[in-house]
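What follows is a pair of complexes built around subunit A, which joins subunit B in one and subunit C in the other.
So, the complex of A and B:
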């Protein structure tokens, strides 16, 4: 009785092919690392650096093709930063831009590139942002960034913002410093992982054409998530840099 | 005193069935009727042993991946990956800044500035052009005025000349005319004189012819 239930579980596990929580572990020093996340993140970095290098050489006064596209992306990023941060947005463009581009290319690479071709001994390759380590890393970087922004602009009087507008809100303001990275990381993680799971389950259950709308939805939402992450990061930076009320 | 009492042995009396490995020592109390109750513990022991055998057998047969899943419940698995991603992101940020944001951004800003400068300079040069046009028009006007003045002057001069010549000519003509008139008068007088003499003779003849000759 016990053995036959275990057999059905095993059978279901085999046909579902979902490997949530399965990681390709590497050992570095005394620590474990998720190898699949590192591999896919290296591919994303290679794509970004490679395409940027090719597009930006020999800039023409009247841009065409890829130079035009990259100029559009840069203007878009500058616009987002300027809207959220204000006039001193210049130094923050690389941070916000890299945040946006890394998350966007990661998400779309997970959805579009045929990772399943490469078989790992354990776990599978997918978007690097489907791992909690990546999203928390990005969220912590954002936290550090807005603290850095506030401290370099206002010095130690930055900490006066905790008692604005009234000292009664002090615990809430402190709590905000924890909820901001938490919400950023979980929003991205949940969206990307859940979308991947939905697509995989649908593909395994239903014939081939039906999951396509879900895949398009996944492309759309993952793009939006990248934009949201970058916009919120810029908003937090702008908020800590803004002047006194 | 003490030696007379035999020690009460509390060692369990285990029935003579063969000992089963998994089972811990089960302390069975001294059974007054061992014969009867031997069968019951024997069967319960056997069922317990069967169940334990089944579970251990199935556990050993469990697929190794499921067993590993139980080991690494891995959705919220934080490890060295986190700082490695931080380092990778910072590297990407600086590399992209050097390759893409700074060069292309500078290029775009320079192009914007050049276009704006050209636009503003075009506005300035349009004013310059207007000025030049005005100057040109003024010069044209001056030139035309000069020309017309010179023309007028020349006209006047030539007119004077012409009038002079006309006057001279007129004088000449008048002089000739007077001469001719004087001549004509003279001729007239001459003819009249001549005619006068003829008239006298003619009139005598006529009188002669007309009046009867007496």
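So, the complex of A and C:
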């Protein structure tokens, strides 16, 4: 009787098990990479490049349909860059745009596309930004970008900003260079992974109607997170480029 | 209880881990919820998005049309201004041509009238000079006569006495008698 119920309980545990942290490892060179993240990243890249290529075929003066939509997105990104960076925002629009679009499309594809239909030997397909490696990579790219911006604009006097406004704040300014990528990466990672987990848990508990509001909330917050990441990246770049010039 | 849990078990039986494949468990892959979410998103999003994009397209159309109109208006005004310029230039040429002859004529008119006036003034001057001369001469004559008469009167008065008076009267009577004899 006891072993029977234990077996039943084990069976129940098998159904309601939620797996996180299992990765689909590939061996490339000497590294183990998370294959599922690469697969979903490729899908996101294919969606972005494919839709962009299709939309800008045959451009008209009066835009219609998808050309109009992409132009609108471009105007939006330009507006964000211009607000944050200031006058010399031109060269940075592609970078900010890539950040925003990649994060946005990967978040929404993770929430909307039925990834769970495809089953992998280990782990599962989901948004590529639910992996800390992806978000840390994006955050480090942003760090490199704002360092590059500051150094090309001001030369070595860029490092003078560490003792602004007073030299007492030097340790804090140095610390800021580490916390900026840290906060960027963890904010995005935490939001996306947590939303995914909530949805998966709710689905495994009450499959049919209850997860829907949470899924909408997830769409909303993941969109906001993409915008926040892009805006902060632009703000850091603008901050390191501003000055007495 | 066992039957219920058994049915749950049979639902949750998926292929063993370690292989690729398709998960056909609709409770795990969540297609219903996904389709509901996607449906609602498309339903509302389509309206909002098409509104946004239509506004954008209208704005672009209007801007292009406005700038075309402005351009047309500016070209028209340029043409008008050019036509006016040509007309004014022609008139200016006319004026220049006419003006020079006018100027010449006016100049000659002025010269003529001025010389006429000058002549007249010359005449007046000469007349006045002559008149003044005459007057001076008359005055002098008058004075001379006056002086002469005064002198004569004075001489007469100084040497006039009864005897001379008598002799003069008798001489005059004799002359008168002689003239009367001649005329008879």
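We take it that the second predicted complex is superposed on the first by the 229 of 245 C-alpha atoms of A that agree within 3 Å, B and C clash if a C-alpha of one lies under 4 Å from a C-alpha of the other, contacts with A are read in each partner's own complex, and residues count from 1 in each chain.
The definition used in the following text is that contacts are C-beta pairs under 8 Å (C-beta built on N, C-alpha and C of every residue); 3 or more make two chains touch, one makes a residue touch a chain.
A quick note: this is a predicted structure, and the numbers were derived from the prediction, not measured.
K.L.:
Based on the shared subunit A superposition, would you classify subunit B and subunit C as clashing or fitting together?
P.N.:
clash
K.L.:
With both complexes overlaid on chain A, does A:95 touch subunit B (first), subunit C (second), both or neither?
P.N.:
So A:95 only meets subunit B here.
K.L.:
In the superposed arrangement, which partner chain does A:207 touch: subunit B (first), subunit C (second), both, or neither?
P.N.:
second
K.L.:
Name the contact category of A:119: first (subunit B only), second (subunit C only), both, or neither.
P.N.:
second
K.L.:
Should A:160 be classified as contacting the first partner (subunit B), the second (subunit C), both, or neither?
P.N.:
Neither subunit B nor subunit C is touched by A:160.
K.L.:
Can A:34 be said to touch subunit B (first), subunit C (second), both, or neither?
P.N.:
Once the two structures are laid over each other on A, A:34 reaches subunit B alone.
K.L.:
Contacts for A:138 in the overlay, against subunit B (first) and subunit C (second): which applies, first, second, both or neither?
P.N.:
first
K.L.:
Which partner reaches more residues of subunit A, subunit B or subunit C?
P.N.:
Looking at subunit A, the partner in contact with more of its residues is B.
K.L.:
Based on the superposed arrangement, let me know which partner A:86 touches: subunit B (first), subunit C (second), both, or neither?
P.N.:
A:86 sits against neither subunit B nor subunit C.
K.L.:
Is A:61 touching the first partner subunit B, the second partner subunit C, both, or neither of them?
P.N.:
both
K.L.:
Residues on subunit A in contact with subunit B in one complex and with subunit C in the other?
P.N.:
After superposing on chain A, subunit A residues 61, 71 contact both subunit B and subunit C.
K.L.:
Using the touch definition from the top, list the residues of subunit B that touch subunit A in their complex.
P.N.:
That would be residues 54-55, 57-58, 61-63, 65-66, 69, 72-86, 88-97, 99-101, 103-105, 107-108, 111 of subunit B.
K.L.:
Spell out the part of subunit C that touches subunit A in their complex, as residue ranges.
P.N.:
Per the stated touch rule, the residues are 2, 5, 8-9, 11-12, 14-15, 17-24, 27-34, 36-38, 40-41, 49, 52-53, 56-57, 60-61, 64.
K.L.:
Which residues of subunit A touch subunit C in their complex?
P.N.:
Against subunit C, the touching part of subunit A is residues 4, 8, 11-12, 14-15, 61-65, 68-69, 71-72, 111-112, 114, 116-122, 199, 203-204, 207-209, 211-212, 215-216, 219.
K.L.:
Quick one: which bits of subunit A touch subunit B in the complex? Just the residue numbers, please.
P.N.:
2-3, 6, 9-10, 13, 20-23, 28-29, 31-34, 37-38, 41-42, 45, 48-49, 52-53, 55-56, 59, 61, 67, 70-71, 74-75, 78, 93-95, 97-98, 101-102, 128, 131-134, 136-138, 140-141
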